[in-house]
Structure formats: C-alpha cells, structure tokens
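First the structure, in the form of structure tokens, and then the observations on it.
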Amino acid sequence: MRIRLVNPNTTASMTAAVQQCAEKVAGPQTIVEAVTATMGPASIESHYDEALAVPGLLAEIARGEAEGVDGYVVACFGDPGLYAARELACGPVVGIAEAAMRTASHLGRGFSVVTTLGRSVGQTWDLADRYGMRRFCRGVHPTGIPVLGLEDPAVRSEIAAACRAAAAADDSDAIVLGCAGMADFCAYLTAECGMPVVDGVVAATLAVQSLVTMGLRKSGRGEFARPPAKEYTGLLSDYALTEPGVEGDRR
Amino acid sequence: MRIRLVNPNTTASMTAAVQQCAEKVAGPQTIVEAVTATMGPASIESHYDEALAVPGLLAEIARGEAEGVDGYVVACFGDPGLYAARELACGPVVGIAEAAMRTASHLGRGFSVVTTLGRSVGQTWDLADRYGMRRFCRGVHPTGIPVLGLEDPAVRSEIAAACRAAAAADDSDAIVLGCAGMADFCAYLTAECGMPVVDGVVAATLAVQSLVTMGLRKSGRGEFARPPAKEYTGLLSDYALTEPGVEGDRR
Amino acid sequence: MRIRLVNPNTTASMTAAVQQCAEKVAGPQTIVEAVTATMGPASIESHYDEALAVPGLLAEIARGEAEGVDGYVVACFGDPGLYAARELACGPVVGIAEAAMRTASHLGRGFSVVTTLGRSVGQTWDLADRYGMRRFCRGVHPTGIPVLGLEDPAVRSEIAAACRAAAAADDSDAIVLGCAGMADFCAYLTAECGMPVVDGVVAATLAVQSLVTMGLRKSGRGEFARPPAKEYTGLLSDYALTEPGVEGDRR
Amino acid sequence: MRIRLVNPNTTASMTAAVQQCAEKVAGPQTIVEAVTATMGPASIESHYDEALAVPGLLAEIARGEAEGVDGYVVACFGDPGLYAARELACGPVVGIAEAAMRTASHLGRGFSVVTTLGRSVGQTWDLADRYGMRRFCRGVHPTGIPVLGLEDPAVRSEIAAACRAAAAADDSDAIVLGCAGMADFCAYLTAECGMPVVDGVVAATLAVQSLVTMGLRKSGRGEFARPPAKEYTGLLSDYALTEPGVEGDRR
Amino acid sequence: MRIRLVNPNTTASMTAAVQQCAEKVAGPQTIVEAVTATMGPASIESHYDEALAVPGLLAEIARGEAEGVDGYVVACFGDPGLYAARELACGPVVGIAEAAMRTASHLGRGFSVVTTLGRSVGQTWDLADRYGMRRFCRGVHPTGIPVLGLEDPAVRSEIAAACRAAAAADDSDAIVLGCAGMADFCAYLTAECGMPVVDGVVAATLAVQSLVTMGLRKSGRGEFARPPAKEYTGLLSDYALTEPGVEGDRR
Amino acid sequence: MRIRLVNPNTTASMTAAVQQCAEKVAGPQTIVEAVTATMGPASIESHYDEALAVPGLLAEIARGEAEGVDGYVVACFGDPGLYAARELACGPVVGIAEAAMRTASHLGRGFSVVTTLGRSVGQTWDLADRYGMRRFCRGVHPTGIPVLGLEDPAVRSEIAAACRAAAAADDSDAIVLGCAGMADFCAYLTAECGMPVVDGVVAATLAVQSLVTMGLRKSGRGEFARPPAKEYTGLLSDYALTEPGVEGDRR
C-alpha cells in the first residue's frame, strides 16, 4: 500500500519531518511518501495563502493518481483543498485536522487545539463544524508562533506551556496540535503535559491506511465524483481535465 | 463609488449579463464594473473548478485595489475565495450566495435554492451554515442544467418549473437563484412563479453599495487583516505579497 | 421611494435623531420619514413595555399603508411587532436588530452587541437566534444606561469604553449598537474604537431601500399574508380589519 | 391555591370550556378561575391578532395580582404575552404550548402538533425552539379549521383523522393539540387515535399547580423582574406602572 | 394513586429522606412509596456505578408493575436506566434530572446545576442535551462533595456558597440541585440564596402525579413498547421476560 | 498488540463471526481476540436488554485488564456501556457505532444507517448526536429483521435491498451497517450496492489498533478516570472496586 502525504507549502524541511513521523506509525506493508508542493507559498497562514497553495496540492494529487497511489494525506492543519482532492483521487484523502479531531474525540469529552497564529482560529472552528467536532472542541489557542518558527526546536517548551494552559482553561481531555509543523514535538509534548497529545500527521496516515485496508473510498457518484471536463484559460490551463467526468446529478 | 463585480469563471458573456443586471439597481452615484477572470475554468461546477478559479479572482481583487475600487462582488454562487478576497481588499467584499440568502431571509420564514448541477448541493448547504442561514434554507434543488447551459434562454421555462416545484415541496416564501448565470432570468421567474425570486448579483451589488455608504469595512485586525508577506515558488510567484502585513495575533 | 421609520416609543426627540441618521445614508430618490407612535410607553425596556408599544407601531403601519409608503423600518432594537407589521404591510418591513446583525455578519466572524439595560440581554440572544445570527453574535453587553439616558451626550464616552471592553472580551470584529437611541453616536464610536460600529437605523434604512429597489416584498401567501378579518371588543376595536384577508392555509 | 386561566381572545364560550377541562384535573385544594380578555380579537390567528390580544391579557394579569392569584395559565397555544405576563406576576405563569410540549416530551421521543390554520405553523416551530423542544417536535400539521370553527363538535372526527395522519407521517409517540379550543376533544381523540394526546390547558394548569406547591416562582432579579415604571401616552395610558420596579441590571 | 420513588443506590437513609420530601408535595390522593435498590453500589458517582445500579432499579420497576404502581420516579440525578424503566412500566417514569431541568426552565432564561463530583459534569450536559435543556442550562458546578458526604448536614453551607457562586458566574435565574441527596437542603438553600432552587425529587413526584392525573403514559408502540422476550444466561437470568412483547417495528 | 472484541450478548456464533472479520483487517503484529459475555441476554434489541448486557461486558473488560489487553472494541451497534468500559480500561475502548460513523464521515457528505428493529432507531440518532455525527447521518432505516435473524444468510439480499433503498431515499454517499451481526455481509453488500458499505467491527478494530500504535489512551483525570471504590450489595457485589480510584474533581 502506498500512501502519499502532500505538504501543500513549499518548505521541504517540513516535508522531511512529516515523512519521518508518518513512517514510525505506518504498518509494515505501507509505503509512506511525503512530497512537497512545487508551487505556492512557503507557509500557509491566511485564507490567501491557502487559496494559492491549493493548485500545487492538486498537482501532486494528479501526479499521484498517475502513479497509482492508494491514498493521500493533506499535511496542513487547515485541510486546504481537501474536497477538490477528494474529487480528483480514486482512493481516500484525509486532512490532518479532520483526522486529529476525530482521533481526539475517541479519548474523552473534549479537546483543545493549540495552534500558530491567531488569525487561523476562526478557520479551525469552521473545520470543527464541518467535521461534526464542535461538541468536542473546547478551545482553539494560538501561540503567536509563525509556522516556519516551528523549525526552531527552542519553541517546544513554549508550546508545552501553551498546551498546559489550554487544557486547564478548557478542562479538556486531550490536546490537538494545530499545525503539521508541530508533528515532531508530539512525544515531547505528551511527556511534558501528562495527557494525550494528538498529531494529525500520524492520525491521518493511520486513517488512510485503515480506509485502504477496508477497501473504502469515496462514492463514485455525486458531489465527490470526478469533476466534469472544462476548458481553461491562462496560467493554470494544464489543470484542464479532458475525460468527460461525471456530472453527479443523482438527484 | 466604484463597485467591481468579479466573475471568477472565464466566460465573458456571463460577465456582460451580470454587469447589466447590477447596473439596473445601482444608485446614481455608483459605478458598476464587471470583470472576467483572466485564468481558470470556463465555468465552476466542482470543488476542483472552484479551487482553480480562485487565483484568477484574487488577481482581479489585487488589480482592483491598485485602482482604488471601493467594494467587490464575487459573482459566483459558491462564493469562491470570499475570505481570501476579504483579506486582500480594504473595502467590503460580498458573495452572491451570502447576499441572496440574507436578502431572502427578510422576506419570510424560508427560501428554496434552485441551482444547476446536483453535485453543488452539499456546498450550498455548507454556505447556508456559514452564513447562519440554515434555519431559513428549506431545500436546495438542482435542475441538472450545467452553468453554460444557462446561456440558452430556452431553459428559462424549465427553471420556472423547478422554482414552482421547489416552493411547493418546501412550503417556502421565496426562491433564491443558485447561479450567477440565472441573474437575467429573475424578472421572468418572478412573473412566472408569483412569489419573490432573489438574484444574488443584484442583492450583493446593493449590499456592497450599502456597506460603502455606511463606511463599513472588515476589521483591520485579526482573521481578515492583510495576509502576512510570504515567499512563493513556481507558477504563482506573482501572488507573493511584499508588504509586511498583519499577523493578526490579537489574542 | 418613501421609507417610513416608525419609532415605537412615544419620545419625539428620538424620532428626530433617527430621521437625521437615516437621511444621511438614503439615496437621492428616497424620501425618509420618521414618525413617533402616538400611544404607549416613553421608552421600551421590558417585555411589558414592548407588548404595549406594539399597537402604536401597528397604527403607524396601517396609516403608512393608507398613504402608499413603500417600506418600513421598526426603529427599536427589540424589533417589536416585526412579524405583525410584516403581515399588515405590502412592502418590506425591516427591524433594526435584524438589519444591524446581518450587516455586521458581512464584516467578519463575530460581533458584540452593546446595549442599555441588563434585562434586555436575553431577548437580544433570542433575536440573534431568530435571524440565524447566533454564530456571529459573540456577546451582549449591557451598559446599565436606560434608553432615555442616551439623550445625554455625556454618556458617549461611557459607551465607547463599553464597546472597547466588549470587543476585547469577545475578540470580535465589529460592534452592533443595541438601541436606536445610540444611532447618532455611531461616527463618534467608530472613531473612538477603531473598528466597525454598526447602527441598525441606517442599516435597516438601506436594507429597505435595497429591497424596494429589487422589487422584493414578503410572499402574499402563508404566514405573512394579510391577517384574516376578525371581530374586536373594547379599547382596541379600531384595529379590526374588515377585508376578508387570506387564511394562509397553503399546506 | 387560586390558579387563573386567562383566555386572551374575547370569546367567552371558549373560556367556559377551558374552565371545565382545568377543573377536572386540578387538586382538591386548587381553585381554578378562567377569565376572558375584555378587549381584543375574537380569536387569535395571526401575529397581528396576537399583538392586539396581549394588552387584554396583561390587564387580566394585573387584575389577578390585585386579587392575590397564585399562578396563571395563558390559554392560547401561541403563548402570547407570556414573557410580559411573567414580568408582571409574582407567581408562576405558564403557557399552554410550553406545558403541552414539555409534557409530551416525557412520553417518548417525538410528538406531532395538530393545529388550526397553516399560517401558525412557523410560530409553533419558534415556540418549540424557545422551549428547547425542537428535538421532540417532529411535525406541525394544520387542519385548516379556523379557531372558532372548533366550537362545532362535528369537526372532531376531522381532527382525529389529522392526528392519525400526523402520527403516521412523523412516526411520533404523542399528539399535542395546537389550540385551546381543542381542549375538550382530548378524551375523544385519545380514544380515537389509540395514543397519548396532550392538551395544553390541563397540562399548564397542573404545571402551575406543581410550581405553586413547590413554592417556585420566577427570579426577582433580571429579565423577568417587575418592569421599570414608565410614562405612557394615549389609549393605553392605564397600563403605566407607577412603582419604581427593578432595572434588572444584574450584570 | 400510587407513585413509587426508586433510589437506585443501596443507601437506605437516602431513600428515607427522599420519601419525606416527596410526601410533603404530593396531593392528598397520592401515596408515595420510596424504595431502595437491593443490589448495586452504595452511591452512584461514575458511569461504572451507574451501569451496575441499573439492574437493581429495573428489579424495583418490575416489582412495582406486579404490585400495580401507577408511576415511578428514578431518584438519582443521572437518571440511570430511565429509558429501560420506561419500556418496562405501563405508567409514566420520570427522572429527577429530567423533571428538575424542565421545571427550572419555566422560571426564567437559564439555570445553574450544582452537583457533587467533577466527574459527573459531562454526563449532566448530556442529559441537558437529551431533554432539550441545553439552551437553559448555563453551567454545571461540582462541589467536590461525594454523594454520601451529603448525609452530613454540615455541608449545607458549603453548598449554599456554591449555589451563590454558580448563579453569579452564570447570571442564572434558578439553581437545580444535581443530586437526590440534596433534596432535603432545598428549603434551606432557597432561603440562603434568595432565588429559586429546584429539587428534582419533588419536581419528578409532581410530574408523575400530573401525568397520571391526565391519564398520560408512554406510547404502546415503538421504542418504548415492552421489550421483546429474550433468553438470558448467567447471573442475571431472572430478568428474562417471558411474554412475547412488542417488536416495535412501526416503520 | 492485543485487541479484545467484546460481544456483549451471549450468542457465541456472533462472536466467532466478529473475530473472523476483525482478523482479516488487523495488522501482522496485532492479536485479535473476540470474547462472549458470560451473562445477559442472547441479543440486544431494547434499552432493557442493553442495560442487562452491560454488567457482562464490564466483567470482560475487567478480565482483559487483568490479562494486559491493550485495547477493546464493544461489538454491538448500540455501543452499550462504552463510557463505563472507558473508565475501567487503561487502553482505548471504541464502540462499533462510533467507529463506523466516524469512518463513513471520511467518505462523503452523508451516510445512511441500515439496522435491525425499528425500536432502535431513536437510540441510533442519539449516538449520532453523541459522536457529532448528526450532520453526516441522513437516515436510520430498520429492516425489521431481529438480531438473531441475521444468522440466516438468506436475509442478505433483503438487507442489500434495504441498503439500496436507503441510499436512494437519503441521497447518501455510504451505508453504515447498524448491527455487529451484519459484519460478515459487508463484502457482499458492497458488491451488491456499488457504494461504500461500512462495518463497525472492522472499523473499530482498526481504530483501536491506530490508537494503540499512536500511544493514545483516555486522559487519566476527570470523567473517564478509574471509578472511585464503592461498597456493593447483593448479586453484583463482585463488581466492587477496591482500589481508591480517582475522584476526578479537576475543576
């Protein structure tokens, strides 16, 4: 089984860290391949960044489909382009926010998300809504550390403090790490905080592995069917799909 | 006052129709300018299409900012890129789904959305949630007519029939047209159906006009502040913002 | 186009202030007429006051209908009698809470309401629910200033402080003014608080103007159809409608 | 213990029927007194009717307070003026929709409301929301029979058919009668339908009796405290309260 | 009329206290009989305790049915086994959390629950959801006093302080006592706190009395119909029902 | 890694089937052990059955803890005793409804549950609420086939027809099988229905395997901490815990 993790930002060092985390948990028959988007912003910290990272992500999904990949992880906590990727891929596509939140919801009555910049708080709540996780999500706590600031291991203790403060404020049962860049702090934070800390990169890798093992993939009809072919103009013309696709008008 | 309507698909005839509709309702001091995205798909009928239409939309917002535009309408019923556009623009940005649903909610207890393909139904419900309109949205009814099929005036009567059927099934007080391409059918459908029919293109134009008149625009802090500058790689590098921006860490 | 603002309390100085605010934003073809209810309490600060203000409001709507008014604003933040007024009027009727909340929801992810007495807090949350605005309403903050206390300009700085405190406590993107009596403080408060401040009087005036421009009015069937004729007893007998009306039994 | 049932419409025959139903269930120490509003519409079938019935209702509450009544039932399924009455009265005030829905929620997972005209459906849903009963309310089914049409016993079988159809359509566990005028059909309908049928008049009478027995009444602080005194103008001037009241600014 | 209160823990002193409280409010024709479960834990303070208390409770319901009891109160604030008891009994079965929350919801806009251990907080919110009372439940406040610690009257003042603190923190209109063991503190706490304090034991007793008076009981079809007969193995074999029962497949 | 599946009914043939399904998906390092409760009903089809099955389930969890089991699956679609089991076990405990619903929510916008008797429909909706899955659960469809009737392979085609009908009625993207007894029909139903069919037995086995792999277990504090020790009376006295436990009063 081949699972591809797509890092939708263009920072290769984050991709390498993500690969390492995922490999540790994947089963012996699973090949984990993390790839870096070849176009877009160096980190994703706004709706604008996210919008411009998605084409690069979709290019990797298209490449993966050509190469026979079995399932995908979108390795950015905003789960950018998840629905578009799901339309494009035959196998399962799971976002790390989606997987982390659902995993944490098995562990108790509520979790706290500890994340990077304050401007992403609103979107995290939107994701909690989208995945039915609002009743479990007790708080979203920005640290003010930018995504690329996580490359510095010295911020680990600052994040640990934020996790402890979040758990106390929210009376929560688990911490969800709100950025793929925090994945390799997970063991450290678990030890420091004395409570479950959920990293979405490993959670999503295992979720995809489980879905592929069960032979489950999106429905071929309706909203997530392959998109209809369309003419394209300008810079992104290579994205035009040429097969007829499925209109998805099952109603 | 200059209001720019951005058609995020690349079909110029739809832009022209939208311009005409908006001009009819705008006040005497308002200049309405509809523009067509210069890159992306010819119509938006999937999450994939939407993701690839957004860069073209954002290029138009950036151009509008350079030209001193006062406010923007995103003229596609999925409201693609709305939050990213709101980060980029100083003045208000309103989506046509957002405006149509809020307008319809003044008219009674519930509305029905009549739209194009069945695969967009799920997203329309997501938008209703996002705007707090789920309690007013009683049903989303696809006609199976593709977006570009709306260029043919012969489909008008088919859509009228769908509107009547939707209102009967949902016991609703108003119809919301679920595609910018239906804007110029609005008067016809109102007459045919004998009930209020809301077109988001004119609703959003008037909403932007009202917001500019009141001097209201997004908060300069937090989630919708100008995005932080970021390095870009590859095809979309022209989108890199160079000003420092605002981190938005108000918490 | 004639828009009538009905002040449902009997304090004429508030009517004059409201007229002035609305005139500033109305388009050149719009005639704004603010009127004072001729019966009822001097201010509305309880469910009891509200119940007894509604007949006076409805008398003004009936008079407006006789005079050919195109649309109405209910100029009290509790939106008293809104549904009854909507039954009676042919054109649109918009409440200032309704308009203010919906306007603020275009500006960001959440707003704070700053209002008069604590006893109105519960009702404000009810209105947020009714209009689908609970997800945007982050807090309702009473100042303890009675409605007629707003006639004293010296309270402006106290309200500015309350707005700043509310925005900080709620991490909100905009302030909604929770009383028609605050309408003429709006520019001052915007300047003092450095964030969007929404006054429902101007928001509702523009909402009605937009609805009339679009030719949109309530559905003629169902809940908001003209009420059935009814025999009346006693003091309020002049309110009896004599036309047959519509039973509204569309189901 | 004295419990007063206020019929807020001006039709005395309905008051007599309501008195009879309530007497049958009240305890031996309870005196039930049903009274008819002395002003307002003959029946309540619109928001307009309701608004104009409330002053008559409040006059009866004020009279009851002067006479030492222990608790009140608002005997109309729209629960008109409930909150205002609760401000005015020292003892408990319960609406028949409130009591009927809460009673039905003890009997199973869902109930169906069978009511009079279709135009009241929306308001019934609003009441279900207000009382937290939406998860139990599975449907609201108008019969098209006007309120005063219920005076004719011949409509009983038509209502029985509507109850059976509603229960089948909603897969519900109980029927809630959506009009005080249906109170005396309750035993007949129970027998005809073979399932629990809840009449709000007896449910509310017993709810008030229970509250008085437990010594429970509204809080004296906050939203439902006695309204502040206020100057009144015109026709309704007798409603002016002269005691200072309570501002309710407990925050 | 015979109402049986079942104390599902095995502490007889709590049963005696509960009996006394219920007798004070029951009507002259009502016989109140409190009984103690004959097997299970001495107090219920975890999901584990609750699961193991339910068989003892159900044995008492079965005995009550054999003895012709008219209705039941489950006298533990977690409402353990309520749905199973409802299947088994012909007459109404009401839990004390259910009754207390619904009673408090008649008294104002929000209540605070004051309870024993922190580990029961989550379940109390679940009950609020189940009964549609989340909009009324403003907070759940553990005192840290174990259930059997309530036998000591000295804790009364500590609980009074917790009630006052809860009401202030939540701006609530009433207190709900979150344990049957607090029932006999109710008068004291009302006096100390100066606001309505609701004890579920008396509330549920009166709710059952009202339901029996109205002749209302669960529907005989569907979810709460008598359970189907089933073979049993091992320690609990006496619980096997031998009558055929009702499959409840009304869909 | 040892994962124990507990079949909480006493029918050993169902346990064998469940073991076989789980073994097929478990990783090479995972030992799957399915066990049958030694006391309780032969199948679980009512709240009553469920209440009396839970002690047998908890006995198996206690035995598993003594034997060093790493994680547990509750192999009955009502997820009986899940929270109590979670208190007792050190490692993760996952219910099959919980796992099936969360798995299906990765596959599209909505799923339909196809289940056994109509009387379990209400509880399935409760579970959907509890897990945040209501927005994904579009319908619950009973077949009327009792649990033990699933032992007959001839019912497979009847269930396939129910799945197809459910998907059509709900316009859903996946089917969730609503009974552990359907686990071995999953491949057949997938082939027959041409859409994803999710069996909770394998989904929960993989969820537990993933949680153990990630080192994630419930928080040791609060609601799901080990229950406090307690004295027991009567038949179930062996369940008394003797260690002090944790009060969980972290607030």
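For reference, chains read A, B, C, D, E and F in written order, and residue numbers begin at 1 within each chain.
Note that in this section contacts are C-beta pairs under 8 Å (C-beta built on N, C-alpha and C of every residue); 3 or more make two chains touch, one makes a residue touch a chain.
Model, not experiment: these values are computed from the prediction.
Chemist: Mind checking the rotation angle between the two copies, subunit B and subunit D? C-alpha superposition, nearest 5 degrees is fine.
Modeler: My answer is 120 degrees for the C-alpha fit.
Chemist: Measuring centre to centre, with centres taken as mean CA positions, what chain is farthest from subunit E?
Modeler: So the farthest one, by centre of C-alpha atoms, is B.
Chemist: Shared interface numbers for subunit E and subunit F above half of all numbers used, same, or below, different?
Modeler: Comparing the two copies, subunit E and subunit F contact each other through largely the same residue numbers, since over half are shared.
Chemist: Where the CA atoms of subunit C average out and where those of subunit E average out, how many Å apart are those spots?
Modeler: 44
Chemist: Counting in whole Å, what is the centre-to-centre distance of subunit A and subunit B, each centre being its mean C-alpha position?
Modeler: The computed centroid separation for subunit A versus subunit B comes out at 28 Å.
Chemist: At which residue positions does subunit F touch at least two other chains?
Modeler: Expected reply: 109, 122, 222-223, 250-251.
Chemist: Which of the residues in subunit A end up touching subunit F in this complex?
Modeler: 25, 27-29, 92, 94, 98, 102-103, 105-109, 131-136, 171, 173-174, 190, 194-196, 198-199, 202-203, 206-207, 209-211, 213-224, 250-251
Chemist: So in the complex, which bits of subunit A are touching subunit B?
Modeler: 10, 38-43, 45-52, 54-56, 58, 81, 83-84, 86-88, 117-123, 126, 129-130, 141-142, 144, 146, 222-223, 225, 227-228, 230-237, 239-241, 247-251
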